Every structure is written in structure tokens, then in C-alpha cells.
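Both of the next two complexes hold subunit A, though its partner changes from subunit B to subunit C.
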Partner chain A sequence: MTAHISAKAPALPILTIDDLHIDFVLHTGTVQAVRGISFELYKGETLALVGESGSGKSITAQAILQLLPEPVRYTKGSIEYQQQQLIGAPTAAIRKVRGNRIAMIFQEPMSSLNPLQHIGHQVAEVLIEHKGINRQQAAARVLELFQLVEIPDPQRRLKSYPHELSGGQRQRVMIAMALACEPDILIADEPTTALDVTIQAQIMALLKNLQQKFGMAILFITHDLGVVHQFADRVCVMRKGQLVEHGITKAVFSRPQHPYTCELLDSEPSGSKPAVSQDAPVVLDAKNVQVNFPIRAGFLGRVVDQFRAVDTISLTLRQGQTMGIVGESGSGKSTLGKALLKLLDGHGDIHFDGIQIDGLEPLAMRPLRRKMQVVFQDPFGSLSPRMTIGEIIAEGLKVHEPLLSPRQRDEAVCAVLEEVAIAPSSRNRYPHEFSGGQRQRIAIARAMVLKPRFMLLDEPTSALDRSVQIRVIELLRRLQDKYGLTYLFISHDLAVVRALADHVMVMRSGKVVEQGPTEQIFSYPQQEYTRELITAACPLGNAAQRAHSSA
Partner chain B sequence: MSNATFAAQGDSLMQDALRRLFLNRATLVSSLLLTLMAISCFFGPLFFNTELDEVFWDFMGTPPGEGGHWFGTDTNGRDLLLRSLYGGQISLTVALIATLVSLIIGVSYGAISGYMGGRVDNLMMRFVDILYSMPFMFLVILMMVVFGRSILLIYIAIGAVEWLDMARIVRGQTLTLKRKEFIEAAHALGVSDRQIILRHIIPNALGPVIVYVTLTVPKVILLESFLSFLGLGVQEPMTSWGVLISEGTANMEGAPWQLFFPAAMLAITLFCLNFIGDGLRDALDPKSR
Partner chain C sequence: MSGYALRRLLQSIPTLLVVITLSFFLMRLAPGGPFDGERKLPPEIEANLLAAYNMDQPLYLQYFDYLAGLLVGDFGPSFKYKDFSVTELIWSGFPISFELGMWAMLIGLVFGIGFGCYAALRQNTPGDYLVMSTAMAGIAIPNFVMAPILTLVFGVMLGWLPAGGWNDGAWQNKVLPILALALPQIAYIARMTRGSMIEVMGAQFIRTARAKGISERKVVTRHALKSALLPVISYLGPATAGVITGSVVIEQIFGIPGIGRYFVQAALNRDYTLVMGTVVFYGGLIILFNLLVDLIYAWLDPQIRYE
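Take a look at the complex of A and B:
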């Protein structure tokens, strides 16, 4: 691990982390978050720290700026910035480094900005603090920075509030703020995870561009191997607080040494789904679905206008089919899904199993509910924290099969837990005791216990790590084969959609851009927007295949 | 970490909560102390061979200890210990009944209002606003006129006013909970609105509710003493902690014990309630173990 593999190999590293150990002392015991990490960062290079959630990558980054909250203990090792020890350095010394020499950008640009201040003011604050210049000079410099990070109409944007900007623009403001003092090192902690793929590509290009301009080093923290492959010079793979592999990006991707790295590279979803035959029975048939949200104004909440979230969409789902709906945030894909299940009000002819369900009363709808189930994105929000998972799964049975005895219910719960590969003995535990992937399985079990025909999967894998994702995908495939389920799969993750769906619909601002069989859409996209989406997703496909052939 | 070792075999949330409640030492001690306080208030007077209003002419406002009066006597020469115990009966009952009334009305009203949303919510909350704007005293006097004077009425009157705050708190909680995905998932399962409120909304809103209840109890006890002070609450010779404290405050300079003892009993009770409230909130949250 001491052999320095550097793409550029200049004389001295600007940041050296040596055998770093970080513990958190909690009343329940000590958690060893980082266990012996060493790496160097050289001027002008991009080093990626890759790992799944809980691997300690963000903790390492925060330790560099000494941002970790109590009760943290640096038990061993050192963090040196240009020969200056940062661990245990006096607060005044750290403050000189923070934001000035080493700057950081975070994942969620909304919560990193003060919602009550103009963005121009917030960026100026950094300059005034570190450079000791006055307000006028700072304002001029902010304008320059905004031009640098390519914020459209920078003069006007100075006086904008964070909520008036899009996610990508907010991240640009964060980058401007980080660059205000021309730092030597920029730490980017998952800077694009909360953004859509096309925006992600723009932000990454901007970072690369700025790096060339200023020659700063970027420490890039991410779980997205596709981004690493395109942008990083070197990569450090982390797992459970340890560095498992470390080297030049191309080398690591084409010849991974450690089995965990191989596993990560292989966890890109693969495979495809054959189309179902044209005479399979129709499960869901929707014509001209529209969803309007009223825009209210004035004291009495008068409806002044309609926002058309879903604009006249028709679709047909046959038994055993998986239709993928892709699109960026705000494209109306989730709204469409919910309208189809009548979880919110829409217009249009919707037939489920031959029964017209639009305009059906909630009571009349209830028997149909058991046949159409939903799995949501957030595995932490979709399970009630005060019920055991047994109770959560049994709830649907209580509604739809009230005649079951408690023992029969319990048996059904155990059976379905077994099906999703969760130990039935844990049915008396609460959701928070399970990991994200397990919770998503529980959510699937809750839907499966009712033996539905149709499942709406609303970004079920987006909040999960790749290696966990792949297991959820396998589970969904297995259930579909076994029970002939029909899926409507909503996702912004093209790789997952490609692996799971046999038919794809691309949506943008409530309209269908393009639809067709999966392979046709991915291989021969007809529309400009579809092409843009597919390119921006930086697929790892080629690299992973290379890894296969050489392994 | 902490939950890795937790037994796979579990019970319902309630049993589970009770068990965890008594693992909390502060809560355990507080519950014991509160039980002791309640027992001595309700059964203690049986061991006295004097009456509540018996006047000891030789002991007018004497300090503790003299003539076998452990808490001393008040300015009228009545035994303060006995009066404090009787006062405790009234104050504890007021606390219990009024808080329960406010809890039941407030939680159900707030949960329904928040969950229904839209016009129903608007109407229900405007009704609360109207009640808020009614002067409390006016309400109590009105009830006195209509139903005649009784201590039970005081309990109901106080509870009927206190639920307004509770309803607002629960409504606020419900509004945030309503947007959570697990509520939407329950909808998708076909669970009825009533069951969603009972099984999903109320249990998840309990945390702030319990904290608020522990704040309501002292408010209620003091409100009762205020009413009694105005002559609308308990009547001499009956008394309550609030009355004793306000009398004690008047004689604070000459006879500090008249303030100290009832105030200490009230303080102990409130401390215990706070610890129990804290413990309950933690115990009802499965995440905290």
C-alpha cells in the first residue's frame, strides 16, 4: 500500500493520510468506522474514494477537515496537509485550512445553503471571512465565480434565494463557494448523487474543466463506479473502514485484484427480459390519462391555473410484462404510476382486469387493491416505525382476509418472509433493525403476501447500493417468473430498467418522448432526448466486460 | 450494534414498551414515588384521628414539629400535613381526569382534522380557533350557571379547554405523517381511513403528545388553583395544592413552611411525571432501545 501509484507523479503529495483509525465511542460500545486508511493526494489529480454506504468514505473525508462530531476518537494515524498535522490541530489553524485551502462540496445542495439568504451573499461571506476583502470587492469576485461555474444570467442570480434555483444550479453555487479561495484540494462528497443524470454529466464536466484551470486536487467520494471510471485518475476502494484496493483507475477497472472490487464491478445489473407474447391477457389498460394539479392563489385559494403533471398518456400492460418508465425528476413518472392505481385523482379510462376503475368509490376499489400493489422508493419511509415487520406484512391480510385466524396469518407472514429471503424468526422486530436492502424486501413481502397480479415499483432500487440492488432485482425477477406478475417499473436508473423491463417508456414533462421494446430504445434511440439520457448515464458496461474477460 | 443482540422473540409494542419503561431507572423510581404519593394522599388521612377542618386553638401557625404537627399548622390552626394530603387528592384527580379528557378529545380531533385535510380540516380548526378566542373564565362561569356547582365540572371545564392545544399539536404531526410513504402504502393495501388513523397515525404521533401531556399536568393543577382562588373551584374546608400554595405564598415571610410543604409535594409529583413522560416516550419508540 505504500507504493505510490500516481498518474502524474509530482514530487510531494499535498495531502497524506497515513494509517488513519477513527472510532466513535457510543454508549452502546465503540464503533470502528475507519480502520487503517492510507493514501496520498497529489496536485492536479482526481482521486476517487469508492465504497458502499457504511464503508467509511464520507467519514474519512470529514476527518480531513476535522468536521466529525463528538464522540469521535482518532485513535491512530495522521492526516497531513503540506506537512501540517490536521488531527488535533488548534481550531484557529483548522479554520485557516477549511474552506480556504481545502474546500468541500456536499451531496444535498439544498440543505447546504441557507434558505433565507441570497446566494450571492452566501458566497461573498466566504471571501470576506478568508480573504479579508470588503463587500464591493467580494460582490465583484462572486460575479466572476458565477460566470466561472457557468450559472446562467449570473448578475440576476446574485440576488436569488436557494429555492429559486434548480438542483444543478445549486450545486454550481456550492462549487463557486468552494472555489472562492482557490483551494488546493476540493473534496466532493457524492456531489451528483441527488441530481439527474444529464445534470450530473454537466457538473462533472464543469469540475474537470475547473480542475484544469486551477490545478487543484479533487478527492471525489462516490458509490457510482460509472462516474469514477470517467473522471478519476486514481481510485481507492473502501470496504468496512478499510482500503481494499488502490491504483490507477484504468488498471483497477480492467484488472481488479481484490475480490470485493470484482464484486463491485460485477454488481452492474445485467441481463434482459424477453417480451411477452401479444396474446397474453391484458392486466392494465389505460387510455388518455391526465393528472392536473391546481395552482392556487389568493386569500381563498382560488384555482388560477392547472399544472399538467401527466399529459394524456395511454399504456397497456399484459400479464408477465414489465414496463419501465424512465425520466428525470419532475417528469411525472411517479404521478402517472399513482394515478393508474388511483392513489391520486386523474382523468382517463383505466381498466384493471377488465373492470373500469376510474371513478370507482374507495369502498368498491378495496377488493381490487389486493391485486395491485406498490413498492416505494424509500425503504426507510415506507414501513411504519412503530409496527413490527410481522404486523406490517399482516396488515393487508387483516383487510382482505379478515376470516383468517391469527395462526394462519402468522403462517402466511412466515411463508412470504421466507420467499423474500428474510428469516421468519425476525418477524417480531422493528423496521429500523434492518438494512436498506432488507427493508425493501420487507416492503416487497408486504405486497406479495396478498398475491397480487400487478405491482407498481416506484424506484424500488434507487436508494440501495449496487450490490444490494442486484439482489432485489433478482428477487423481483424470481417472483415474476413464479407468479406471472406484471410490473410497472419506474426509475431514473437506466441500467436497472434495461435489465428488468421488456418495454420502455421515456417521459419528459408529463409527456411520452419515446416508447418501445427495451433493446430497441437502448440500441436505436429515435429521439434526441433519449440519446442524451443514455449517454449521460455513463454506463460501465464496457469496463465491466473487460474485467470479465481478463479475470 | 445495540440491537444485534436483541431477542428475536418479541411482544406487541405495548408489552415491549412496558418492559423497556421499567428498565429505565429514573422512570422506575419516579413511578414508585408517584404511586407512593397517590397512596398517601388517598389513604393517609384514614390514619389521622383529626378532621380536615379541625382547629387547634393552641397551635395557630406554628412551625413543623410542634404539638405533633409534622408539617406545622396553617394560620387558622389546622394541621398542614392533613390538609396537604387532602389537597393532593383534589390536585391529582384534576391532573388525571382533565389530562385524560384533553388527551382523548385532542388526539382524536387533531388526528381526524389533519388526516381529512381540505375543507374538513379547515372547518374543524376554525372551530378550535373560535373556542380559543372564548375567555376561559366566561366558559367556566357559564358552565357553573347551567350545570350548577360541582368539582366534577371543574375537571371537565379544564379538560375542555386544554384539548385545544393538544388538537393542534396532533394535527401538525398528522400533516407531516400523512405524506409519509408508509401511509401511502397502507392506502395501497386498501386499509380503511379509520384504521390508518388508529394504527399508523396515532402511534407515530405519540412522542410529542407524551411530552405535551407532561407539560399539561402542571398547567392543569395550577389552573385549578386559580379557579379555586377565584372561588369557582374547591371550597373551604376542602383544599388543593394550588390553594395551599397560594395561601402559603401570602404568609411566606412569617411562616415559610406553609409554602414549602405543599409546594414540595407538587414539585415531587411534577418531577416524577416528567421522568415518567420521558421514559414513556423512549419506551414507545422502538428505535431507542
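Take a look at the complex of A and C:
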């Protein structure tokens, strides 16, 4: 399976991983995280390691620099950097490679930088360590690096702390740090996953640009097939610690050999939703919704200004409709969602089911609450860890249907669990015993048991792997068809929105940039910002379609 | 920052007022009074005494009198230690308690942080277990047990240090009480440092620091230590205020003329003004040290900005 036929690569690989096995020895037993991985990395190429969470791709990446925490065991195989064996190499030898010949950038640019140190200092540290230069020389070089990675106002930024930068800027700092010693290999572990799509595209373009300048090899770890398709020369598909497929990116995407690769390519959200008829009853009608957050300052914390998180937005949702709200983080989309359900205070006329709900007392809202349900992003944080899933689901029933007998309640819980394809017999188990996808389905069951008319879905699929996502999307579609539900679907993931929503609203800085039927927005975006978002999302497009037809 | 400090000081006034009010009235609610003794005083003498200390007036008037005195820094006369004002009593004992307490905190910090780091970096090894079980013992053994043991070993058996007494503040007489005060602090701080150090060493920016190729020693000293000490800093505020105001037990056992003993004796004697004086003094110190800690915190952690 030596699928490497790249013209620009010389004969000898700079990194060779051969039959790598990695175990973690825990109290509960040994976990075989990586089971026999082999691949080579050549000078100047981009190799993508693709797989879902738990596939062992990040572990493989960290093993190269011997960064894995105890109790790790390298049971078999080798990692060779230019004929130097890295597994079990003396610490001093490894340290000469780390940050110097092989550098690494990580997923979370906020937590990967020391919060208590100037970023300039953090980048300079690598130079001082490996190049043996003094502070002043290092500072001058850091300034060059900041210019190279296009950090705005680099001179001033030298003395900034990580929290004073945006996510994209932090990742640029990480890249500057990684490139400081002009390494042979850059390992990028999900470098754009935590960033907004447009920032993602900028960072990827920057990496590509710098790769051409320095000629380094990039080992790119990701779960995002769109990014792989655009940027990687070769791709290795990993699953459960093994390499299932391996080849030139275009070939793998157009003619995937392994069934798992096909499954991955197929799990890109597809399909679309037809618009509802104009006669369908209006479920939610909001006019001129505004949400202001006070800005306090001064000696006594007086309110000096208002931050307008949602700026005069109107929308109408009809029964059976799905409206997608897209936008980058901080655009106000979640705030809008909460304001519409009166989960936080806003201004504006909001009618739900023909009843005016703005200005309604919390007690008067309660019967309406049952008809409007919410599913949140984080399936780990939004279910109480101390309650069984049966109790979690039944809780709403106790409030809204106090007359039900325990037996009837139990029956309702079982029925709704069956509906979301979770075995009713597991209702006495606790949330931590379920996977992320299962938990999200439990959260949907919790909402569904009250038979709502309207559901606010706030990034319900963002924390999930694509193949799990697709099942949640299918579930949402099925429930909508069966019960005529109305969805307000908030997401930064344009592919999912395109598949689920019939109407899209693009938000930026609390304002509506553009809205309209989904296909119209995606095919003929009118605004520059919408176009930018859509291009940046780099959907697989044709490749995925081809994979479909050949599979 | 100075605006913040000023605002915090102003905000502490209502807090202190609540403390004063509560302790004033609760103290008076307790049965008994400063002039109750084994033998009942003749009514005329008692009436004279009460009048001399303004105690014949209604309680609310006494309360406002007391507040008015506080405004000009007058804590009133002591009921039990005649001839002394509360201010004099506090200032005679506080410098001694302060000195011992500060040394104890300093020793507690140095050794506590040292042992804590040592244990954290050797997590789940015999070295870690040894340090942590010793620290647990340090917390579990009360000072009225620890102090006599120290006296017995170093004072009586080895004869290196005096077993007690103040001797006008000779350094030999300070060693054992400082040690007795410092031991539980070392234990607390070591446990706290270990916990937060382990957490910080698992943080992602530590992984980044390692990926830079710097030595493990630099990873710890340059990157981990400062973050790991933040929780310890916040413990220091109330702890320091507590330690420098003296310990009744330690001062009693070693015969030290600090202010720790006033806290208990004043309450038992119903020495109303002395109780109030110690409460206000202690409350003020707590507020002051918490403010100091918050300012140090902001200085260490740039993510915190007080406006």
C-alpha cells in the first residue's frame, strides 16, 4: 500500500512510523489505543491523518514527539526521524527535536498557551532554547515571525496575553512558535477545529503559504474531510487505532476502497428540506427583537453603555418549518434563540401560538414552556449527572402533567426512548454511561416527551462526529415529519444547516446579513459575507457525490 | 487598580458594621456580665460600677456610644484589666503575635510549596505518599498535642531550647512556638500546592511547553509554578490574618504575652469592650488581608482586571 507518487518528494522519508503499537495501562485494564500503524512522511508534503474521536490519530501525533502522558507503553514498532529512533530516545535527544526539528500546534489555542505569560515571551522561549540567542535577538525574531503569520499590530502584540487575542490570532501565535526554528516537520493536531469557518480558511491558507516558503512537511490531524480534500496531498484514514486506508487524497476521495472510508464520506450531511406551504399556521412570530447587555464601568459600576447582542431582528416560523440561523461565534445567534423563548430578557413583540409572550410573567409562561423545548450543544453538560435518564426525561412530565400516575409516566418515558432509538430498558442508567450521540438523543427525548410544537436546537450536532451527527439529523427529520414540529436550528456548521433547514438566516454582529430559502442562499448568496462563509466552509462538493455513486 | 482598592475599602465599612452590630448585641444576650462573680456585689456598688461604665443606659444608647468611640479610634476601657484601655491591651500583645505569626506563615509557605511540588511531580510514588501522609498527620494532630510534644522533645529531652516562657523575646524562646504554628500551615499548603500542581501539570499549555523542547525543570518553574500557586495565594489571606492574631493554645502552652489569649478570656469574663475590640481588630485584618490577596492575584493573573 505505498500510495506515494508525489513528484516533489525525494526518495527518503524524513519520518517513518512502522508498525506502531501504543497501550495505556489503566486501573481498569490495558487500552490498546494504536494497533499497528505504519506510514511515511516526505519533505514538503501534507499528509492528513483522518478519523473520528477515539481513532487514535491524536495519540499517534503526540507519540512522535514522545509527549504522551504516563502510563503509556510503546509495546511494538518504531518512529524514526531521519534515521533517529524516537521511541525510548534519551530525554536530551528528544528535546533537541521538539520545537526545533519537529514542531506541533494543537487544537485549543486558548488552553495551549500559558495564560500568565506575554505571547512574545512564549515564542521567544523556543528560540532562546534551540538557537542559543539572547533575549533582544529573540525579540527581534519574534517580531518577524508575528509579521510572517500576519498578526495585526505585531509590535504591540509582543506584550499581549493570550486572553487578549481572538481564537484565530492565538492559533497564529502557536504557528509562529512552531515555525520559530524552521522545523522539518509541523504536526498540526486539529488546528482549526475550535475556530469559526472563515478563520479556519485563513489559518489553512496561512499554513499552506508558509509550507511553500519553508518547505516543511505537514502532518495534519483532523476529522474534517472538507479540509483534507482541499489541503492534503495524501491521506491516512484511521479507525480504532488502525490504518484502514492510505493513498493520494484525490484517489481516496473518488474511489474509496475501505467500507469505513465510504461511510465517512457518506456521513457528510446531504439532502434538503422542501419549504412549507404559506398557509401553514404561524407558530412563532417575532418583531424587532433586541437584546442589550449593559456595559459597566467607573467607580460604582454604573451602566455607561449598552452592548447590542441582537439588533432588531424579525422572523416568522410556520408549523413544520425549519429555520437555520448561521453565523460565527459572537454573532448573537444563541442570544436570539434564548430571547425568543424568553430564556433571557429582550425587547420586541413575540407571539407564540398566537399568544403574546413578551412581558408575560414566568408563572404565566409555564404552560407555554411545555410547547417550546430546547436542545443544547453540549450533551455532556446539559444532562444532570446525578439523575438516571429515566428521571431526566420524566421530570418535565411531573411539572406539566402532575396527574399522571408513576406507571403512566414510565410508559411515556419508554415510548419516547423507543422513538429516539434508545433501548427503554436502559432508562435506569446514568448519562455518563452513554456516548455523545446517545446523550444528544436522550436530550431530544427529554424535549419530545412533552410533545412540543416548537424546538430550539442550539448547535445540537456540533460536538458530535460526522457519522454520529448524521443519525441525529435523521432523527430530527423523522420527528419533524411525524409530529409536524417547527425547528429553530442554530449552527455554525453550514453543511448541517443546508441539509436540515428550508429557510436560512445569516447573522453577524447581532444583525441579519441575509435571509431566504436555503437553496437560494447557498446557490446565489447576495452578500459578500454570506459568500465568504459558504466558501470557507469548503464542503466536499463533488467528491462526496462521486463517492456516493461509486459506493 | 488604586480606585479598586479604595472602593473595596469603602465596601468593607458596611461589612464591619454588620460584624460589630451582631457581636455587640449577641454578647449582651449571653447571660452574665462583667461584674458577676462568685460572691454577689452589694447593689449600691454594682449600680456605681454600671454607671461608671455607662452600662446603666439603654442598650441602643450604649451601642451608639460605642460606635461614636470607634469613629475616633477609641475602643473603650477594659472591664477586667482595670487601668488599661482595650487599645493598649491589643497593642501590647499584637506585635508579639504578629512576629510569631509572620515567621510561621513564611516557613509554612516555603516548606509547604516545596513539599507540595515535590509530591506533585512524583505523583503516586512512595515519595508522594510519604509527604502526603505526613501532611495529613500535621493537619490531624491538634496544636495542643503538637506543642507539648515539641516541648518534650526539644525542651526537655534534648534540652536544646527553653521549654516555655517569653524571656523578653529571646530568639530561643520563639523557635518552638513558631514551629508549632508553622507545622499545620506547612501541611495545609503542601496539600493545596500538590493538588493544584497536579492539575496544572495536566494542562494543555504544559504540553505546549514540553513540545518546545525545554527541560522539565523549566517547564515546572517557568510555566507551571505560577499557575499552581494561585489557589494557595487565595488561602493566604484569611490564614495569615488568623495566624498573626495569635493562638490561644500556643500562647498559653508556651507562656507568650500575645493577643491570642484575649479572644477567649475576654469572652469568658464578659469583658464587653475587649471582646468588641478583638472582634473589630480581627475583622479589619481579615478584610485587609483579603484585599491584599486580591491585589496580588490581579498582579499574577493578567486575566483578572479590577475596574
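We take it that the second predicted complex is superposed on the first by the 538 of 551 C-alpha atoms of A that agree within 3 Å, B and C clash if a C-alpha of one lies under 4 Å from a C-alpha of the other, contacts with A are read in each partner's own complex, and residues count from 1 in each chain.
The rule is simple: contacts are C-beta pairs under 8 Å (C-beta built on N, C-alpha and C of every residue); 3 or more make two chains touch, one makes a residue touch a chain.
Since the model is a prediction, treat every value here as computed from it, not as a measurement.
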TODO: Would you check which partner chain A:95 touches, where first means subunit B only, second means subunit C only, and both and neither mean what they say?
DONE: second
- [ ] Examine A:116 and indicate which partner it touches, taking first as subunit B and second as subunit C; both and neither are also allowed.
- [x] second
TODO: State whether A:430 touches subunit B only (first), subunit C only (second), both chains, or neither.
DONE: first
- [ ] Determine, under the contact definition given at the top, whether A:365 touches first (subunit B), second (subunit C), both, or neither.
- [x] first
Open item on the list: Touch test for A:214: subunit B only (first), subunit C only (second), both, or neither?
Closed with: neither
Open item on the list: Quick check on the superposed pair: does A:161 touch subunit B, subunit C, both, or neither? Answer first, second, both or neither.
Closed with: second
Open item on the list: For A:396, using the defined touch cut-off, is the partner it touches subunit B, subunit C, both, or neither? Pick first, second, both or neither.
Closed with: first
Task: Contacts of A:374 with subunit B and subunit C, given as first, second, both or neither - done: first
Task: Residues of subunit A contacting subunit B in one complex and subunit C in the other - done: none
Task: Touching residues on subunit C, where the partner in the complex is subunit A - done: 3, 7, 202-205, 207-216, 222-223, 226-227, 300-303, 307
TODO: Sort out for me which residues of subunit A touch subunit C in the complex.
DONE: 62, 65, 67, 69, 91, 94-100, 103-104, 106, 108, 111-117, 125-126, 129-130, 161, 163, 174, 177, 297, 299-300
- [ ] Report the residues of subunit A in contact with subunit B in the complex, numbered from low to high.
- [x] 26, 28-29, 31, 341, 343, 365-367, 369-370, 372-374, 376-378, 381-388, 395-396, 399-400, 423, 425-426, 428-430, 432-433, 443, 446, 450, 456
TODO: Provide the residue numbers of subunit B that touch subunit A in the complex, in ascending order.
DONE: 1-3, 6, 8-11, 13, 180-182, 184-192, 195, 199-200, 203-204, 206, 284-287
